[in-house]
């Protein structure tokens, strides 16, 4: 039996289910932005964008884009009723000051102690760039990571120790991969959910660190195709 | 009588020259003072040191200056926005120096300069390569790094409305770095869509009070 | 669904009790949350530690709390506003502790707490008795003192309008300490003149975004 | 011949003449507020109030006071066209960040090195209080002091060394008294103007520090009664 690996959209859906009503959340550039598409309709969730927006809404219809209203990925967005604009310094005061309930970030690597590496592979042939990732990593009350469990060439991204330059030290609370939902607790990976068709040994084989399994470890699945 | 409006780019750019240090507002193209950048390009100044979140974006403005080899160094958080091959190329050739600062630290360092703060402690970057060489310190069991203020000779800012005292409003997320950069330069030059009469901006809605602004130039939005 | 509006003072003050640490907005009476202070008075709590620019002003609000002997300590810049014999009396009797902080340092320390800054360096107070015991440091030939962030369990703020997300506007110079205090407490409670529908406050004109606000109580202006 | 001592209003008038067109100025609580009444009509001067106002206007007519629009002395004021409101932290960012062209402060004592004492006489029987004086003293580009030359009991307020607790160290640029206009330069008092009927020895006798006299030291007088 093959593992029923989740698509990226399904991982986004799964993360969205964990964001509580009323939360203020920042969705990192790239795949994490997809989480917005799956937020449960019966919850009111405020999306923060580090370029000075609270209450960010969906992509505008074609032709109604405003170049002055963009998200952190520089794509056109809209503003919901109740939204507000503010300057960058105030935006990062919100982040650094611990006012965001959570953020969702991508990752190159996550270590079992919560270290996150998501901005540089240490490749000196490419210009560096960090954006707001380091601020989000230390500032948000909960740091959720959205990532494939392994790299394209099959190497594990969940490790005992990160080998890439860090974004933040001991910052990650929970990792959502295409194979599992894994908490970080007391310096250990604790698996809470795992896709069908995979057992503990199978997941451990794809992971670069030992795993604990939560009592009642559940099945990771998504209500979307 | 106070009248900060200037009517041509020569007046707006008085004092700028080779080697100038300048903050440039904008997050990507939103809030970037493109026409001021192009006026600088036209004047041929070189060896510019730029403080800006990105190393330009797209085709216009700061991107043109970098493409033309006029910029020696960019202090930024994220130099490689979309279509930023010009940054990769210049950097790979050694023609462009990049100093990477986390985005919130960049903005806070600029604000610190404007607010007379001699330095501040932040948790951001602790344990990362960007903390190397920085003083580190523990308060209440939490590690912080010391960050210095960041000033410039000029700030070039894009805003929406101005009056002759230099009071400014911005448009949506184009506000971004403008208000803090306006505080942190010896000379702050603002490109606005429109100059309105004194008193036409509601005093509750002024985002940047005129005290932070030296020159305003009206460039009709295109 | 987010609805930060509460409909009575018991809900507004949930969690407050003897020994509570609280920021109180206002410069003199402008922007002071008088009705919240009187509701605290009614509930009989004691040993309160207050962070506020003045130790009350006039007859109402914080002045009543101090007069009634409920406040153990005030961290402030200027305790003796007009008609502040009650401060002099309580202080002279040893019933009220005063910690004096320069006004700009007070405000910046509050902002630092709200912005996640672990400490900052300021020239203010260097060479004065208020710098005693503070770490001093020289940057580029200028002396600075290190100031720590200042947090509280509660912030009690007066604003003008709010919506159910907690977005706030203020009125004229009554804005003063409100926006920074709202950032720097575990629980921020705001007394407003009026709660309006979501979307009725122009997003460009929101002064305190709702992220900083926990509870809003409408008290019609008198 | 007796010295033609200036009234407080005349000192305010004299200071007002030195504030250039376009300047942003903060006028301290108490006597310095009077400077606003004498600003030359042909100059546009922006008055800053530390409680979050730029472009402060005169006292409103009786009955039109707004308790939410007050100055640093908590008196009702108005706002001019072009004025703006902002929060306290931003207001002190202006002050501390060196954005005010000048401030006018009262003084208990000024020392020849520019030290200022204006918040405490060291009297431990009175509750302390400093307000924004220390921030203004270090922050304004020029710090002007408005003071009587001597205390009511005749003691000099201009001294070699302040005996009261300091407000700021080496911060004062110029002192305007009822007898003289005195610069502070290289750790010395330099008299620029002196009222009629007083000579150098006379002024020195009323001063607690040695005086230099500027070339072309002028007569201090006021165009108001």
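In this document, chain identifiers A, B, C and D correspond to the written order of the chains, with residue numbering beginning at 1 in each.
Assume contacts are C-beta pairs under 8 Å (C-beta built on N, C-alpha and C of every residue); 3 or more make two chains touch, one makes a residue touch a chain.
Please read all numbers here as calculations on a predicted model, not as lab measurements.
Judged by contacting C-beta pairs, the busier of the interfaces A-B and A-C is A-B. As a whole-number value, the distance joining the C-alpha centres of chain A and chain B reads 29 Å.
Once the centre of each chain is set as its mean CA position, chain B and chain D turn out to be 35 Å apart. Note: centroid distance chain A to chain D, computed from Cα atoms, is 56 Å.
Those residues of chain A in touch with two or more other chains are numbered 79, 85-86, 92-93, 95-96, 138-139.
Counting partner chains per residue, chain C has residues 108, 111, 115-117, 122-123, 170, 172, 203-204 touching two or more of them. The set of touching chain pairs reads A-B, A-C, B-C, B-D, C-D, using the touch definition from the header. Only residues 27-31, 53, 57, 76-82, 87-88, 91-92, 98, 100, 102-105, 107-108, 110-111, 122-130, 170-180, 207 of chain B touch chain A when the two sit together in their complex.
Touching chain C in their complex are the following residues of chain D: 49-53, 66-70, 74, 79, 85-89, 91-93, 95-96, 115, 120, 125-135, 138-139, 165-170. Across the complex, chain C meets chain B through its residues 108, 112, 115-123, 137, 139, 142, 144, 148, 169-170, 172, 203-205.
Chain B contributes residues 1-2, 111, 113-117, 163-165, 167, 183, 198-199, 201, 203-204, 206, 209-212 to its touches with chain D in the complex. If you check the complex, the residues on chain D that touch chain B are 21-22, 24, 44, 46, 48, 54-55, 79, 81-86, 92-100, 138-139.
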